[in-house]
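Have a look at the structure below, then the notes.
As written, the chains take the letters A, B and C, and residue 1 is the first residue of each chain.
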Amino acid sequence: MVKQIEIRLKKYCRGFHLITEDIIASLPALPEFGLLNVFIQHSSAGLSLNENADYTVREDFETVFNKLIPENNPDYKHTTEGDDDLPAHVKSSLIGASLTIPISNGCLNMGIWQGIYLCEFRNNGGQRRLVLTIYY
Amino acid sequence: MVKQIEIRLKKYCRGFHLITEDIIASLPALPEFGLLNVFIQHSSAGLSLNENADYTVREDFETVFNKLIPENNPDYKHTTEGDDDLPAHVKSSLIGASLTIPISNGCLNMGIWQGIYLCEFRNNGGQRRLVLTIYY
Amino acid sequence: MVKQIEIRLKKYCRGFHLITEDIIASLPALPEFGLLNVFIQHSSAGLSLNENADYTVREDFETVFNKLIPENNPDYKHTTEGDDDLPAHVKSSLIGASLTIPISNGCLNMGIWQGIYLCEFRNNGGQRRLVLTIYY
């Protein structure tokens, strides 16, 4: 069986943001066992699971990803929407657009150090849309 | 409940290719709500969701990934199948082998700018096999 | 319907390790058709599908990932747990924390060259915990 809802996040600035509580607050009552799929309907942002305690991890992520996929590369052809545009698309594909998380005993069964990251790769990405699907 | 089919894509050349229409054309009637898992049975190609309108994004992806994981690195040990072989394996793991996409109101519920990419990392990858699984 | 179990892997050293047989040995009887989700409850390790025959692929992966996300970068802020810590978090998000694999005719339906990799990015990661969820 499937339950599904669509939500729109508040606008986040460029960077990596912990949205675990936003996701949990949006969910209906969870089944005892199942899976949650979180899907972002965008190609210049992404979703990831990572460290949920120290905010410097998320700051370091921004540093590392900007170095990995630099802006202002003269080889890029897709440049009409700004220097951040093509790198945002590449970062989105590296990180991925969806997460699948187990549900156990009625709760999301992540590790104690795992949180859900919104990875906002655009300078002005706006309010991102998510589809949350529970299957059980 | 689960519906599953296996398909074989036509042969694509090395690069990033939009295969959304190939996937949709292969699917049986979709349920009202559910999820579609698209799985590629190969370790030197991958699947991703990204920009579906401007083909230069896909050309830029080829440029970026080739720079990120260069060929002809003398440190590589797995070289018997050609210079493109080991980099193709690494790129495959960076991009991923499967996608999970929500189904809503009987349609794939991607964002309007999202399309399904076949990421062909070999020079001669041949016809790639996919397993499409719908659960609802 | 959903079946779910939790397992703990033996301790692996830093690197990429083929754990397909460990996963299969842990699974209950599989349904005829469905999907298996393998989820790692950690933010400094990951899971991937890649080449299952030549161990030099996994050695090359360690070389490539260490070059891609180097240690000892003076820009990193999250450094209290050692030089391998922040790079391990980034690699984990690049590789991903879960896999979804089709089940067909009662077996995992991967390609013949695909195996499940535990990607251990810490020098001393300990015994990693996995949640295995079968849905059918």
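Throughout what follows, contacts are C-beta pairs under 8 Å (C-beta built on N, C-alpha and C of every residue); 3 or more make two chains touch, one makes a residue touch a chain.
On a predicted model such as this, the values are computed, not experimentally measured, just so you know.
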Chain-touch separation of chain A and chain C, in steps, is 1
Interface residue overlap between copies chain A and chain B, same or different (over half shared)
different
Where the CA atoms of chain A average out and where those of chain B average out, how many Å apart are those spots?
20
Can you pull out the residues of chain B that are in contact with at least two other chains?
68, 94, 96, 100, 135
List of chain A residues in touch with chain B within their complex:
2, 4, 6, 37, 39-44, 68-69, 73, 75-78, 86, 89-90, 92-94, 96-98, 100, 129, 131, 133, 135
Write out the stretch or stretches of chain B touching chain A in their complex.
33-35, 48-52, 54, 56-57, 59-61, 63-64, 68, 94-96, 99-102, 104, 109-114, 117, 135-136
